[in-house]
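Quick heads-up: structures coming right below.
Presented sequentially are two complexes of chain A, the first with chain B as partner and the second with chain C.
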Partner chain A sequence: MNLLPRRRAVHWIVLAREFLDETSASALLALTVGTVSLLSSLGLFLNASPLTSVPLLVFLASITYGWVRHRELTARAVTMAMTASTILILALIVVFIFVEAWPVFDVARAEVFGISVPGLRLFTQAEWAPRSAERYSLLPLIHGTVMVTVVATLVAGPLGVASALFVSEIAPPTVREVVKPGIEILAGIPSIVYGFIGFTIISPWASEQFDLVGQGTYLFVGAVVGLMALPTVVSVAEDALNSVPESMKDGSLALGTTDWQTMTTITLPAAFSGVSAAVLLGVGRAIGETMAATVMLRNSPQLPEPLYNVFYGYDTLTSAIAAQYGEATGNQLSALFAAGVVLFITVMFLSIGSQLIERRMKRQLGGQE
Partner chain B sequence: MSEQSKRSGVSRRKFIITTGAAGAAGIAGCSSSSESGNGNGNGDSGNGDGTSDTSNTASTDDGSDGNGGGGPEALTAEGSSTVYPISNTGASYWNGNPPASDGEYWGSNDETSVPGWDQIGTDMNLADYFASQYGFEPTGERSNAPFTATVGLSHSGTGCKAVRDGLVDIGNSSGPITAELGISESERDENYVDHVVGRDGQPVFVSQDVYDGGVTQLTGEQIRGIYQGEINNWSEVGGPDQEIYVIGRAEGSGTDTSFRLNMLGDAEASMEVDTRKGQNQQVKTVMQQNDGAIGYMALAFQGEGIQPVAIDFDGTVYEPDKDAENTIFDSSYPLNRDLHMYTRITDDTPDGTDMREAAFLNMFLTDFGQQVFVEGVEYIPLPTKDIEAEREKLPSSS
Partner chain C sequence: MSTITSRNSLVNEETNRYEFAAGATIALSALLFALGMTALFEFVTLTDPVAGVPIVSVLGGLLVLIGIVVLGLGVSSRLELTESTPDRSAGLVASFVFGGIWFGIGGIVAAGMIGLDGAGWILPAFLFGGGAFAATAFTREDIGSTLPAGVSAILAGGVFLTGVLGPGWSWSPGSFPSDNAVTFFPSVVVPGSVLLCSLLVGWASAKAYAGFGARGRHLGAHVLIYLNALGIIAVLFGLVGFVVSKGAPTAFTGFTIGLGVGPEVTVLGLSFSLPVSWPFLMNGASVFVKIDGILPAVVGTVWLVIGAVLFAVPLAVGAAVFLAEYAEQGRFTSVVEVATNGLWSTPSIVFGLFGASFLIPRFGGSKSLIAGMLTLGFMLLPLVLITSREAMLAVPDEYRDASAALGVSKWQTIRSVVLPAALPGIVTGVILGVGRIAGETAPILVTMAGGTLPAGSETIDVIGGFEFISTPPFVTNEALLEASSALPYQLYALITAGLGGPQFQDAPFSALDFAWANAFILLTVVLSFYAIGITTRYYFRRKLNR
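Then we have the complex of A and B:
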């Protein structure tokens, strides 16, 4: 029955034997010392021990020795350790936010068909009142994030795809050389700069123009966040359009179509999955955007009336965390971690989605070259 | 090997590793040099031997082992943006260590003298004077205090957490630590000492257009109505026909809690506000940028475009004017609250306040400190009996 696993185990043992035979004793020693010291420094670190630096120094010494004497083996071991540490850090973060969020899930239980579901009340009632009623709701925050993201997508999507099309297909080379780096510089502007302009200029202006009570609107936060997501959309969409094989376009042109017809009937459909991945990445940016939203919004979680009223902007998942983390204690803090959990799950699905789309695109077009 | 290193991929990787190592070494260098720099600086000024006893007791509270040289550790404080002006101005004066001949910041000369000087009258420098009362050796040099004091700016909650975790010596908080950390009063008495250095009135401000429109005084009941969503238009309280833009403070902040408690009658009273901002500066800017706004913030932040209003509590009108009969500066103004600097009780300091903390805190509990650091930044100085009670909490000076 378990012959196969056993054979596999034997196979591994043989491999390990070979490795041990081939490797010199000093290299093995350095490897063992390095591994043991790294693991023990991790253990000490997690226990917040002041002795953490001792095994860490031993580890550094053993790799320095290994790097000088057995470079190839050391490089393999160090790169593996680095990859493992990335995954370990991710795992620790995920565990941490879930553990921190648990108390509020436990408090906000609700019964469905007689079963008590933890955290359900966070999504079924809409009142955020940590002080007066110990009530926490992620609903207004999710609503805010959705509003900002929808507006941002409406801004960044069409603008981004259009400019990607222009840069990739229409613009003469000289224009392209100026515009492309320009777009990339746009991506480098820190978000607080956008937020600051929004807070001091756009928000008061909007409040005056639309006769609003106070400042902070989902409409303009969305527009600003859309502008911020624009460079991502443009550069990824442009890459997708560029990756459409020249032979496809040539074939189309040879049949007598115009440039515009080629673009709309050949290039865009062929690059469609890449372009939608670009928009999806932009959406991811919009969901995660914190600084500009925090500065411009009202930081008072509630639902506007009617629900689609974009002229009043209260709070998003990210801005709630940014605005309240310093003052929050107990369940309020844990509710903010719950907002982090929702964000984490959303962004994870988005990133998996865009990767699936990208893979599809490669499968569709990859065989051509 | 040589073949590999020719390839650009490997050499780039190598470059990154080397720069990384250099960076790490740089960081290590920095931290170690700053520690030893502390010791050296004090050693140079010649107080290394003289004060080794006191400085050791003073610096053991964190169990620090890097201070073999003998100079006292720097004093650190962190917390509330409301307490920050007091704490930071105090630290700036302290670090400047001005001589008694300065006249503007410390001491007196022919032209001028600092407030409260008649009760001090020393020829020592500022920090030297206060530090020497707790056994530290004076340096006698400007800009070289017996130990330095640094103040970080964050929130009441973070300040309390920082002092709880031993990250800083003093935690600044505008709300009681029991509320900030969710601990009981007996837990507080076991672990912390509460030093009140001043009071803060939370005047209610309205934007200029509302003030000009006739709203210069509100009753406590009207303000409660506005903040609980019962009054929505300024015309209901004698102002212009304009919707009220209600600005509150970050939920859970000391300012928010004490406003609920003092104005709405219960620390857990419900509120209906349009905007919540975390910091006084943000409230001020939002109020200046919008018409029809009402908000509350520390007095130190009053400025152009906003006006404090008089408040009528049960028939007593507290005016935003220092010379009026009842003013928002009075201790009896219901929206006043204590400004705390918490220190932690440790095994080494069973009294809760070590010599450095005591020397620094004592500076605020003089006439000079109250007038310059508390009144000077628009807060309310403590009455004499409160100052004496606060001094009782400090270890006895030599």
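Then we have the complex of A and C:
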């Protein structure tokens, strides 16, 4: 049982020894100096020290030396450090937003079976009163995000998959040359521009048409956010549809089926996991969309009555952060970071889920390509 | 022999008439759909008369007409008066869609028109929904597709014609409290039901036109999918055109071209006047200028993009080189892949929170340009990394092998073979990524936001801000540590300040016009990046395919 890790360790030691034997002493020295100085400048930066630039200069000097004398090794080491920075950034994001969110989790403890669970009260009561009662709740925010996301998914899911089918299977080449960049450009319109149009045109229109009290509805925010998530769904779903081997479609068409029959019985089922990954990524985009929601909603966290009332929009996780960050201090600020934590965890689950699905699809179709 | 011929010609004649009716119904549905859209966006008022008849009655009459025709198509196919190849059933998807729609119709009729209170709508809703489901699922395809569609059109049209939905009609669900009340008026309900019914009838008659069965489904689905694509493109052009028409006139106020009309600039000790004067882009907002402008925001956005690109692009391309060329597939690369995709989907506001808690305390403790630059750099990193890596993986291995066969070292191969071949892909990725971050508001809102309407004197001067000192950190830059404005943030600040809010002293436009012009400039900047990026990609792809 223990053999495997030990064998692996031996393997690493052998590799390391080979590396040490092959590499000259000066290269090793430059490598060590570079690594140590990079790590120490990182450490100093985390401590907000003005001395950060000293090891940074040492690092740059060691790279320059390495670049002149040992280019191969330096290129490899530097690009590897750059690669590691992605993991580092993600780790720093996790650590920093969790640390900032902790105070409110600590305050909002609640007892379950005699055990004090930090942060539970954020999810069990629905009152958000930062000034008067120092009460914070993520419940109305999560409710708002769910409402917006459901509407957005109902818009972006079917329309996005239909557009992906159109672009990848149906459209004649000339039409595709127009539609595809068109959908990509739709992704380029900044969310604040959508929000501005929503705020000046759609919200007043909705309030008048439905005789609402005040402005801001989850329904139309969801529709706008769905439009913004649509390009993500289209481009990922289109990739999935394109990855279905032509031979499978040809086999079906050769039997005399129509295009549509081939799509529904061969292409869509084969690409199903990829298409659902596309919808998941679209959901992730919708959850994280900030500015359109901030500008179009009422920015006062509470639950509408009845709960499914999509015509009244109060606040979402993202819009609460954007709208309140400027004036929040203390526990309120920490509660906003807690909203960020919930967002981050949800989106990370969606991202990892869609990656697993895509990987599975690649494995399934991989043999035939 | 002659009887067979005459029977054939009879069937042919029937078929011709049938196809004509189906085609005409498709066309009428399209017309109704367009009419419904114009009514929904209030280009026409429902009570306006057309040839003496109010529009709502015209819509009702047309709905009844297409409803009856589509029913006739279904019945004549069922009675085999025409050649068609229907399946045994219209299928589960259609059944659920029709069941759902009729569930809604039942509920609305019970609650909104008969006025059943409380949960009284549930029973009729289930009866109607279940009936429509059964009528679709358990009849032959020709009846199952046309019956529910035709009947809903006839019902809606009949309601319009009889005047039940007159101008005075309204309905608000009783269970909603007064501060969360919703009221439905004919101005929404009528166009909404016209849109829905025209979609249903259009789909059913497209199926009928192709004789149901596989070909019918093919045509029905294609009609809907083409409509969807057309709708998305229409939305795109509508949005862009709307912003341009609202914002361009203000943005170009006082725009002149001519020798020496522009502001004076000094380049390399030579000072001269620019040949272009564009006050909206070249002025700040203050009482001292005639035409208020957004110069500080434009300059802020430019510096933001430069900073983010300088930080993220080398990092991302280096990481992509490692992943594509050096690394072997293993645990490290798959962790990096998960991390990169995770960063790609992390919401922009979370990046903002991270920037605020991580960067601000380490760069002077207040919102600053450099915090915004680096935060956007963090966002740009995964965008560029993913596209660069794909571009490098797309370089054929033959290139690398040929280079290696000449005895060229690995890094030399990467520099002189892989990177040049992948350059178009990398550049496209950078341009599209920059387009994305240039329009981001949320991260800079919490990391570098400046004032609402900065004056021209608040324009940030990064190059002049550098100072060298003898103690660590040896170099400082006041400008980088100051808060600055940026195009998307300024638009947000204008909205939150209230668009009736800051009135300009003597400018020829209002605050709302100013905001539209700001949106127009922002959209132009961002979409130019996208247009350039997409065009380069198409250009290089076509070159590769040749």
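Just so we're on the same page, the second predicted complex is superposed on the first by the 354 of 369 C-alpha atoms of A that agree within 3 Å, B and C clash if a C-alpha of one lies under 4 Å from a C-alpha of the other, contacts with A are read in each partner's own complex, and residues count from 1 in each chain.
Throughout what follows, a contact is a pair of C-beta atoms (placed from the backbone, for glycine too) under 8 Å apart; a residue touches a chain by one contact, two chains touch by 3 or more.
Predicted model only: the values in this text are computed from it and were never measured.
Visitor: Just to be sure I read the superposition right, which of the two partners does A:Arg131 touch: chain B = first, chain C = second, or both, or neither?
Guide: It touches chain B, and chain C stays clear.
Visitor: For A:Leu255, select first, second, both or neither according to whether it touches chain B, chain C, the two together, or no partner.
Guide: So A:Leu255 meets neither chain B nor chain C here.
Visitor: What is the contact status of A:Leu39 with respect to chain B (first) and chain C (second): first, second, both, or neither?
Guide: neither
Visitor: In the overlaid three-chain picture, which partner chain does A:Ile345 touch, first (chain B) or second (chain C), both, or neither?
Guide: So A:Ile345 meets neither chain B nor chain C here.
Visitor: Touch test for A:Arg71: chain B only (first), chain C only (second), both, or neither?
Guide: both
Visitor: Considering only touches as defined above, state whether A:Thr318 meets chain B (first), chain C (second), both or neither.
Guide: After superposition on chain A, A:Thr318 lies in contact with chain C alone.
Visitor: Quick one: chain B or chain C, who's touching more of chain A?
Guide: Comparing chain B with chain C, the partner touching more chain A residues is C.
Visitor: Using the touch definition from the top, say if A:Ala16 reaches chain B (first), chain C (second), both or neither.
Guide: Neither partner.
Visitor: Would you check which partner chain A:Leu230 touches, where first means chain B only, second means chain C only, and both and neither mean what they say?
Guide: A:Leu230: touches chain C, not chain B.
Visitor: Just checking: does A:Leu29 make contact with chain B only, chain C only, both, or neither of them? Give me first, second, both or neither.
Guide: In the superposition, A:Leu29 contacts neither chain B nor chain C.
Visitor: Of all the chain A residues, which ones make contact with chain B and with chain C?
Guide: Touching chain B and chain C on chain A: residues 71-72, 199-200, 213, 326.
Visitor: In their shared complex, at which residues does chain A touch chain B?
Guide: By the definition above, chain A touches chain B via 71-72, 129-133, 199-200, 203-204, 207, 213-216, 298-300, 323-324, 326-330, 332.
Visitor: Considering only the defined contacts, which chain B positions touch chain A in the complex?
Guide: 1, 154-158, 180-182, 243-245, 247-248, 250-254, 256-257, 260, 267-271, 273-278, 285-286, 289-290, 292-293
Visitor: Looking at the complex, which residues from chain A come into contact with chain C?
Guide: Touching chain C: residues 45, 48, 50-54, 71-72, 75-76, 78-80, 82-87, 89-90, 92-93, 96-97, 99-100, 159, 162-163, 165-167, 170-171, 175, 178-179, 181-197, 199-200, 209-213, 227, 230, 257-261, 281, 284-285, 287-291, 294-295, 304-306, 309, 311-312, 318, 321-322, 325-326, 336-337, 340, 343-344, 347-348, 350-352, 355 of chain A.
Visitor: For the complex, which residues does chain C have touching chain A?
Guide: Touching chain A from chain C are residues 170, 172, 175-185, 187-188, 214-215, 217-218, 221-222, 224-226, 228-229, 232-233, 235-236, 239-240, 242-243, 314-316, 318-319, 321-323, 326-327, 335-354, 356-358, 361-362, 378, 381-382, 385, 409-411, 414, 432, 435-436, 438-442, 445-446, 449, 471-475, 488, 491-492, 495, 499, 512, 515, 519, 522-523, 526-527, 529-531, 534, 538.
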